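Multiple structures follow.
Shared chain: chain A. Partners: chain B in the first complex, chain C in the second.
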Partner chain A sequence: MSTAIAIEPPARESSPSGLSVGNHPSAGVRTCETTGLPVCLTAQQFIRLNAVIAVVALLAGGVAALLVGLTRWPTVHLLDPVWYYRLVTFHGLNMLIFWILFMEIGILYFAATTLLNTRLFSKSLAWTSFAMMLSGAVLVDVTILLGKADVMMTSYVPLKAHSNFYLGIILVAVGTLIGVGNFFGTLYIAKRDKTYIGSVPLVVFGATAAAIIAVVTLLHGAIVMIPTWLWSLDVIKHVDAGWYRLIWWGLGHQSQQVNVCAMVSVWYMLGTITTGAKPINQAVCRGAFVLYILFINLASAHHLLVDPGVGASWKIWNTSYAMYLAVLASMIHGFTVPASVEVAMRKKGHNRGLFGWLAAAPWKNPGFSAFFLSLLIFGFIGGITGVTLGTQQINILAHNTLRIPGHFHSTVVGGTSLAFMGLAYYVVPLIFKREFYARGLARIQPYIFAVGIVIMSLGMSFAGSYGVPRRHWDVQFAGAQFAAGFGSGAHVMLGIMGVGVVLAFVGLITFVLLVVAAVFFGKKIENRPMTAW
Partner chain B sequence: MAQEKKPVEVFQKEHEHDEDDHHTPGTVVLTLALLVSFAVYYFANWKALADVWHVR
Partner chain C sequence: MSIHVPEETWFKPPSGAERTWIGLALAWCLVLSIMMPYWHFKGKQNSTGDSYSVTPTAFGARVEQFVKTNKVGETNGIPIVEPSPGGDAYLQAQMWRWYPVLKLKEGQTYRLHVSSMDLQHGFSLLPMNMNFQVLPGYDHVLTITPTIKGEYSIVCNEFCGIGHHLMTGKIVVE
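Moving on to the complex of A and B:
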């Protein structure tokens, strides 16, 4: 039974390609010459704005990452302790929150308006969301750089930052919530105006799952951050440290699950755009997204596996039962995404052997290579280490060691950030309507970044296996009154990590330069498809 | 080789399937490689835990 989206009826007027203009106001839509998809011009404006700020945050967080990484490499040991902890805070917030959230709001606007052929629900809400997020991000960054919030990203109480730090996070959270509300409003008017028939496309379904998780995430943020902000203003005298940790991880970990949902949606989208793949089973893929919504929140308990404030039964239920159902969702997508590409490539005639389809895939297309490398890194490194470290007994070995950032850099950076980079290789020509310069460099950029992140993650993980702690300025404990520090094996691994950091930064700065050059100086694309990768 | 479709055509027909859509032997092998990698890593960690925490 076909329940395909209808970009055709109900026909009112026609765009130049002959497709319906949905519920767009006159002159409020264009048809993309490359994809054939309708593009809402209001949404396009906000996709551009959010993407630009996202890349600025990526650059800022990336520079901090280089400096922090070179400090963790004992041979270099670049920064003093004050700036080390300051930049750990700065790096975490820019990379994990600002770069990702701005991109995700852009993705939500794109998925809803373009794939459902509808206008954006509210331009005013989009402006409000963007202004709040931007002002909040600037407030947080300035407060950190002024040295008034050296509390690291988790900002565990009783560490106290300047009130502007918490206020900035609240502004970003509420701004994002408004953006998510605008997305839901857009879904509503698309349904009301019948701009599509049947089910929404899988990419929109995945984006909706991400938006639902984002609402729960941001509510946790409000619950924990508003009292903490008032505490920083001395309006409230006490915030319980155990309560803070419990609720904060409903924000801290779940925000990464919004990333996972958005990343998987981007995988499906890039699979379609780069190879013509379509999901191999709608019910299974959508069921997997529902598993994320139901169980991913509970999985955040794995951050508290050595916390004395919560009981063993609670920990085991959440991390050894609920978490496995969320992991099952990732395993389903980990199968269906490459399977859809395999089906598409085999239909094109690439049937030789088991992996002829994979060898014939468009590896010179940075949209494809970034997406598929992201899939491999997320599954083989991030997924395997994540499930293992989330087991309560094994967590005892690894808690607060470098194994933990070794894991999450392979999910959030090697997975989400790399997938978003792949998306950018289409966002710039299709939404900014600009061609990339140095296309040869663009083709190898995902490989440089991916290899750097893999080396860095493995270096971190193995150094952590030697017991090297995370978020620690000097693992040699120079000047200590007792024998301390780590042996040569740990130092080799920290050196490997450092090499990976440098390589990943080269990949990151290459990406930023390519995007900036294209957006501001690239050749305009008017009335023609983008140059194929 | 099949004619390349524009993405809009794929999105429009993403709910349509035929039997060929489930012939994915390469992905099955990739998935098995993932599961074997997971099993090796997971049980190596249990072995490491057993080495440092002896049950007497």
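Moving on to the complex of A and C:
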């Protein structure tokens, strides 16, 4: 798109005269030259800090992903078993926890301050949160790389890591909780100081849903991680394996719903920024976010479908009625988001045929392509595989096989991470105020990453359907007591996965290089709008 | 717009295509919700989670007793054990082997007790591809009826330390 972003200042759409004054201290705010939105300078500082660490984690996790992926490709079989298991642990934590959480704290700060025209609640809380998260992440990474925590991201007891591993995770979790608290504080002062009139914008509503689920999630994390940490210090003698799994998945699954809420909010935001999309009915969109809050906790049962200790009726109840109401929410967003883009495009005159509006969409804008590809991958591959795997009988075929990473690389990677990449194409010019180099490369980056992840996900899923385990160094079982192995079909699928791994890595490293080059060496954007994508 | 404060009257019931879609999606979710218990009764493969609490030592003793009474041979240094048809069979998971080798009869139903002596393990039966979680402290009872003769391998699909990928076992169905 060659036109600049057309966004009016944050006024009530019905009465622009109702524009409120913010509560910013003098010199604590600037007006964005591109969007006209107010930017709290303290929030901007912490959005930058969190985004930088997020990208560092993405890079670290990405390098590990390449090495791990090339090990799972039987013809390459790159790493030795020790480093394979170590880097699977490292990859899971850096990606799923650090990259995602640092991004999300940045998104929460942005949504609360800029969209509500308020200052950040507390600078010292923001520092505390950031320092705790960062030191926790460093502690975890160092402990893993020293070989003291080869336990996978799930650290299922009684597999034991060095106590610093659990301590690091607790630090990250508490730091995140403090950041979320800062978000709620910001909502509070915005309301108190009447910096906006009426209801909060949809994106803030979605971010709030994410924050609420995050609190519940992190409480589960505290309940399970603190005893486990004490157990690793020999203070507690025993942590029950079944109990650990039950509570851990209260953390592990719900945190995925935080990611979904954050991703959907980013979809709405990028839809608006890139095409001027406007939700058809906000009550529907908001209602869907509420469904996430209400029902997602119970759905974590689908991780325990083939576990002992929990009975059939418990499994059925939690994974049917409750999970499908959360699925309903995604079905609703999957309709309302593209529908809002369609309406906006048709309004601009792109009316040819059923899909003329889609063909005319700004596909060269990486903010748009990343957002829309994320929507497609999450909806068609991630969502469908997820609902399938969550049924009692199919789970017997899929539990702990490569079908599981096949599924979640199309939700949290092809979905959430890709949407966050799309967001970065605006965060860098608007918050870091730097231009991108190699804009042509930036335009194709989302496609490379998306295609790579889709190929990898499908390869994993089909290999898994033969029973190929996840987190497993040798599908040939060389040297095992009894021979075991897989036919050529599974090997072909692992090869396809390997190709996808390489392609996805190229997409990822392109993204990291573009962002690093822009943030540190990009042309400064002062007193002018960003160059439109 | 989604980044702006909405119009005053944003709360309105869904209409048009949106309403139809929500109706369809809800109906589909209800169908899925009903299918879940329906298949539990109609389908033949379920994970009921049938389990009892047991200490690893007690479970180990039961396994030894089971092996002593029902041993019919040995392979690779591991006893081959043939449980009485319709009776209880035991499988012990430990770093990094499945113990013992089981010899089952086609068409007979067994109560297969699986538990771990140490870490969590993953019971994965190949090439059938059926997977169950194995936890220390839990006697996980799988009621199984083998329907196809042959040799099956058991691999471990829950990470259990550096020898995880070497943990294999065997079930023979005659």
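We adopt the following convention: the second predicted complex is superposed on the first by the 511 of 533 C-alpha atoms of A that agree within 3 Å, B and C clash if a C-alpha of one lies under 4 Å from a C-alpha of the other, contacts with A are read in each partner's own complex, and residues count from 1 in each chain.
One rule holds for everything that comes next: a contact is a pair of C-beta atoms (placed from the backbone, for glycine too) under 8 Å apart; a residue touches a chain by one contact, two chains touch by 3 or more.
Model, not experiment: these values are computed from the prediction.
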{"item": "Contacts of A:V310 with chain B and chain C, given as first, second, both or neither", "value": "second"}
{"item": "Which superposed partner A:V82 touches (first chain B, second chain C, both, neither)", "value": "second"}
{"item": "Partner chain in contact with A:V387 - chain B first, chain C second, else both or neither", "value": "both"}
{"item": "Superposition-derived comparison: chain B or chain C, residues of chain A touched", "value": "C"}
{"item": "Touching partner for A:G440 - first (chain B), second (chain C), both, neither", "value": "neither"}
{"item": "Contacts of A:L115 with chain B and chain C, given as first, second, both or neither", "value": "both"}
{"item": "Partner chain in contact with A:M152 - chain B first, chain C second, else both or neither", "value": "second"}
{"item": "Chain B versus chain C as contact partner of A:Y466, first or second or both or neither", "value": "second"}
{"item": "Which of chain B and chain C A:V327 touches, first, second, both or neither", "value": "second"}
{"item": "Touching both chain B and chain C, residues of chain A", "value": "7, 37, 115, 198-199, 201-203, 272-273, 276-282, 335, 339, 387, 391, 393, 396-397, 465"}
{"item": "Contact footprint of chain A on chain B as seen in their complex", "value": "1-2, 4-17, 20-27, 29-31, 34, 37-38, 41-42, 45-46, 48-49, 52-53"}
{"item": "Of chain A, residues touching chain C in the complex", "value": "7-8, 10-14, 37, 81-82, 85, 115, 150-152, 156-159, 196-203, 240-242, 245, 268-269, 271-273, 276-285, 304-312, 314-316, 319-321, 324-325, 327-328, 331-332, 335-336, 339-340, 387, 391-393, 395-401, 465-467, 469-474, 477, 479-484, 486-487"}
{"item": "Chain B contact footprint on chain A (complex, rising order)", "value": "1-7, 19, 34-37, 115, 198-199, 201-203, 272-273, 276-282, 334-335, 338-339, 342-343, 346-349, 354-355, 357-358, 379-380, 383-385, 387-388, 391, 393-394, 396-397, 465"}
{"item": "Parts of chain C lying in touch with chain A, wherever the complex brings them together", "value": "1-8, 10-15, 17-18, 21-22, 25-26, 28-30, 32-37, 39-40, 43, 45-51, 76, 78, 97, 101, 118-120, 122, 124, 126-141, 153, 155-162, 164-170"}
